[in-house]
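Common to both upcoming complexes is chain A, partnered first by chain B, then by chain C.
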Partner chain A sequence: MERKWIGTAALFVLPALLLFITFTYYPFIRSLYYSFTTWDSIRKPVFIGLDNYAFLFEDRKMIAAAMNTFKMALFGLLIQNPLAIWIAVLLNRKFVTGYFLRAAVFFPVIMSLVVLSVVWSQILSYEGTLNLVLNQLGLSGWVRDWLGETNTVFITIILLTQWQGLGYCVIFYLAGLQSIPADLYEASRIDGAGAIQRFLKITVPLLMPTITIVTFLIIVGGLKLFDIPYILTSGGPGTASYTLALAIYNAAFRENNAGYSIAAGVVLMLIIMVITFIQLQITRRREVEM
Partner chain B sequence: MVRKRRNPTDIAIEVGLFLFACVLLYPIYFLYVGSFKSPAIFYDPFAFPKELYWGSFAIVFEKVKLLDGFFNTIVIMSFSLVSIVVICSMAGYAIARVKNRWFQAIYYLFLSGMIVPLQTTMVTIFKMGVSIQLIDTRTFMVLLYAAGAIPIATFIYVGFMKSIPKEIEESAFIDGCGPMQSFARIVLPLLLPATGTILITNVTAIYNDFMGPLLYLKSESKMTLMPQIVQFYANKQSMDYGPVFALSALAVLPLILLFIFTQKYMIKGLIVGSLKG
Partner chain C sequence: MAKQKRLLISLMLIVAVIMAGCSSNNNNGAGNATETSQATSKAEPTVKATGGSDEAFTIRLGGWFIDDRTFMQEFKANVEKKYKEKYPNATIQWDILLGATYFDRLKAELASNTAPDVFFHQNTVNQYAEVDYLVDLSDQPWVSQLSPGTRPATTVNGKIFGGTLGLSGAGVWYNKQIFNDLGLAAPATYAEFLALCEQIKAADKTPIVLGFKDTWTVGLFMSNFFSSVLNGIDPTFNKQLYDGEKSLEGEEIQALLNKVQNLTEKGYFNKTALSIDWPQSSDEFTSGNAAMIVQGAWLPGAAEENFTKKGHSRFDIGYFEFPDDNGFYSINLSPSETLSLNAKSKLQQQGKDLIAIIMNEDILGPYSVGNGSLPPLEGMNVTYSNTAMNEFLAAVNKGKTMYGFEAFISSSAETSLMETMTKIVSGAKYSPADLKDAQTKHEKDKATRVLPPE
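Now for the complex of A and B:
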């Protein structure tokens, strides 16, 4: 039977294969070549070896973008991740308003970043809700143009991503928590373990696979952050809110430096590859343990 | 009805979470209230409109081709979704059932696509679109969305196929069903949960996508909703945000309704769908 239907099977894979080769694989190979050229996407590309890659390390904008991405990853690891676990643990019990609470946390996840940017631009504007609240709380010293000042703009954008990002992570952690058998907690309670001990000795170890995945998603998501800075600040003031994805877009479509932009895109991919590799290593080690 | 007495900590936690939930929902409230505020009170964040002001919506309908936007978004989305489901379920079925080196190689080729970000290939794809004269067409968008979804969707289908026993198809073969027929009549319906996951992930991803249309669409008549909002926002013709809010409020409404009715499935779908890199 197998042999008879191998021809049909080949026909079944063919559309996907053609589409994938045409719109992913082929452009990818071409891109690798272009990344070694100087090219304005109109005239013929000229081979220049590794110059694009070398320039990446001198380009102030690129470095600023990489630094911002790094800050975001750090924030994700140290604040977003623990906070999401905490909220998930709190949410993971029976509440009178449980349905509402969960829906409220998940809801922002489906919102588009475009609309998110539009709404927050007004909440955060100089005469917006946030400053008004600060004034009324007697914290007028804190009032500022949150998206217009060099030293607050990027942290504001990071906090903005949390409106959606937090719920996104909580979804994962709630799913993870619900897969932990309840009798483990029962047993430890009988053995006299306190809440903190139960959290550290049962919840965290069993949640480890989820933590790995979420950490990975946070970092990769941060690498691709584009919509919010594009719409709200164009990376400014100066390069204060530049991100890698924005820098790559601008290099190609604003500065017509396609070869260079692609080289940066290739480096972005390499970073994602390395993170994926590390993550797979960690997950695999965990699987052996369990 | 007997109620268990709740301890004070639980109540405190619930109240705390309730306040947190209100903070999370505030922007949505702000968006919808804002779109009904008259210009006179728009910039007073705490003002609540005493009567519904429809002027912002009137401006939106006058200045933005909103119906075109909806039409384009829905058309691109539907064609993409159908293509993704048809193409990837077929591929996933074949890969899961034929344990041959070539099919496994193709599978790994697909999976490797997960780590290539759009940023690496977008310029080349743009250039390619120009040379095959598909740039600025909705067809191009559909092809790109379909191609982009292949790695994760095939992955989900191949994984799900493992839970479908081979015997079902074998008995169909004996009854004289060809592979095509047994796929369409037996396998595809059984793949429904996987299809649901794939649909939900891609609905939000395609509906909310801004970068794709920004890169590959140009004509106003073909534009989707998200770039329409950004353009309207960037033009700031009257420095008046009321209409921008009204436009945004209208644009997100379909997804909000979808979320309300399919919350459970959506959340499950988002988890599985985001496992890609």
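Now for the complex of A and C:
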């Protein structure tokens, strides 16, 4: 009976397995081979051993991109994540404009990235709205091309990315908060617990599964960041706003260096796997069940 | 048992449907059209076995540059009209994707046998011919008419694998009105160039407008800015760079970057240099806010569009190339868009006919005028309607013309130098490590560069 059941289950798995093998595993294994070659994605690849991997640690652009990528993930972890919890806790309260504010926080998530990028590039350009406002406020010393200077471009992109992704995290946390039974808070109030105690002893532990997921998404999203710097700055000025994903893309498509690009992609994958593994170990241990 | 059979059959059907969906369709001579293309609904070709001129079919033509400019639309209309005369029931499906992503898509399409039957590309004839993506067109009638300047660009091992629409150049285009008002003339030396920049800035105009948000404009500026100096030092300097006898870390490149840094520090570029793109920079130029722009020879045509459609006050445009300290200048001339026939296309004769129609004086004449390119056919005379293009032609005839230095270094090294350039224009200082990075990448990836023909 059990053997029949396994056979049926295997048949159900077969279509998905075929798709995965065809479109994921097979290309991945082929890619591993290409990462050991010099290949312009047109002519035949030439095997060069570990040269691509070795050069990753000499390539100033890749190193700068890696630094920026880690900054992005770290900022998401330390700023965006707590901020999202805080906003979710505030929005979880009942007040007149609650639904409006929830929609407002989530609004950037549903907007097209291209539209957002065009709007923000207009706002942040040298002759843009932000500088106009600064001039009106008498802060002309602060006026600059926010996306065109090496010392402001990446922090501007970080802030934009956090702004755009914040609503996504807030919605997760709101859903998590609403699944916490209200009577736990009521009981703790009767026992004399204050707001901070209620937050630390009830909200955080019971929200831990959501924190695990959101932290995972923030870290992976930060490490894979591509679209906003690609549209707004192409990684410039210089290499100031490169991320690893953008550097990988440019190596393949602008520099016709597909073998090197794939090697960088493999390393990025390993970085993501290691970091998220550590994160999941840490956060899952703190999860509690109701 | 019956239940299990039904289940098994259902699963097999699902798998069959999925596999059918994933398989490539090689029956369609026009290849697999992009889903968004307007002509897709008509794209199923009903090519008759006879191959006669009354057959109904759709032929795909890929390109990245055919936009809404008037001369481009005329080019499309002219091609369609001529092709209809040959094949009354044929439809040309224009697979246009504006910008550099076209080349990425084309590579993927060629690798997966879904590329257009006929397609435009640039600087990839050698690579594509090497892997048999292109049809040998040496026997085509227009080949004998190709000018000596364009023929080498599509020749691989003595065979012709495409037709080039012309030779394109670039340089500095200037507003004659502003120059006249300030009593300025086109500079003969770099010192004169610096002096006129100062005067223009003093008159509260932007001396040079850059649109570096479009990355290709960085490369174009760099190529033109470097050209005269490097070729002035030695006409074989670029080849020496490739051979390793000269270095990107050398004093020559450093001196050039110092000059760009100097131009930035003196405020001769627009403050929006990194946040505006090429069309916005051309707006700045044609609206009279900036006196000079470094662009390709399509600039006069684009300016004309701005004067007509955007209501900018018309002015005469002049041309010069950046001179070196001794007054020497060289102009980078390179083959523009190259047209080839896909070796996997089922519409071989129809494709050859389409290329033959395009590589004809009637089609190329208006295109060359609009695009500001030098015609690719011998004996083909083109009359440019604006004085700027005539100045450009005079400069071409009088000066040295060569390939840009970027044609002799790896793409990764070129990208690295372009990044250094944007860093400088942003106001930061470049460091020797930036040039070391470029040289290292050049040495590592040199094998990926196919040198231009001698």
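Worth a mention:
Methods note: the second predicted complex is superposed on the first by the 261 of 290 C-alpha atoms of A that agree within 3 Å, B and C clash if a C-alpha of one lies under 4 Å from a C-alpha of the other, contacts with A are read in each partner's own complex, and residues count from 1 in each chain.
Everything that follows uses one rule, which is that contacts are C-beta pairs under 8 Å (C-beta built on N, C-alpha and C of every residue); 3 or more make two chains touch, one makes a residue touch a chain.
Just so we're clear, the structure is a prediction, and the values are computed from it rather than from any experiment.
Once chain A is used to superpose the two complexes, chain B occupies space that clashes with chain C.
Contacts of A:Pro237 after superposition: chain C is touched, whereas chain B is not reached. By the touch criterion stated above, A:Lys224 is placed in contact with chain B alone, chain C being left untouched. When the shared chain is aligned, chain B and chain C each come close enough to touch A:Thr8.
Contact with both chain B and chain C is seen for A:Thr22 once the two complexes are overlaid on the shared chain. In the superposed model, A:Glu127 makes contact with both chain B and chain C.
Using the contact criterion defined above for the overlaid structures, shared-chain residue A:Ser41 touches chain B and also reaches chain C. With both structures placed on the common chain, the touch criterion links A:Leu91 to chain B but leaves chain C unconnected. By the touch criterion defined above, A:Met111 reaches chain B but does not reach chain C. More residues of chain A lie in touch with B than with the remaining chain of the pair chain B and chain C.
Residues 8, 12, 15, 19, 22, 41, 127-128, 253 of chain A lie at the contact with chain B in one complex and at the contact with chain C in the other.
Against chain B, in their complex, chain A makes its touches with residues 1-2, 5-6, 8-10, 12-13, 15-17, 19-20, 22-28, 30-31, 34, 41, 87, 90-91, 93, 95-97, 100-101, 103-116, 118-120, 122-123, 127-129, 132, 163, 167-168, 171-172, 175, 213, 216-217, 220, 223-224, 226-227, 231, 244-245, 248-249, 252-253, 258, 261-262, 264-266, 268-269, 272-273, 276. Contacts from chain B toward chain A in the complex involve residues 10, 13-14, 16-18, 20-22, 24-25, 27-28, 30-31, 34, 43, 45-46, 86-88, 90-91, 93-95, 97-98, 100, 103, 106, 109-110, 113, 115-128, 143-144, 146-148, 150-151, 154, 170, 173, 178-180, 183, 204, 207-208, 210-211, 215, 226, 229-230, 233-234, 241, 244-245, 248, 251-252, 255-256, 258-259, 263, 266-267, 270-271, 274-275, 277. Those residues of chain C lying in contact with chain A across their complex are 4, 7-8, 11, 14-15, 18-19, 22, 100-101, 103-104, 107, 110-111, 124, 127-128, 130-131, 212-213, 215, 271-276, 410-412, 415-416, 419-420, 422-423, 425-428, 433-434, 437, 440-441, 444-445, 447-448. The residues of chain A lying in touch with chain C in their complex are 8, 11-12, 14-15, 18-19, 22, 38, 40-44, 46, 51, 55, 58-61, 121, 124-128, 145, 147-151, 233-240, 250-251, 253-257.
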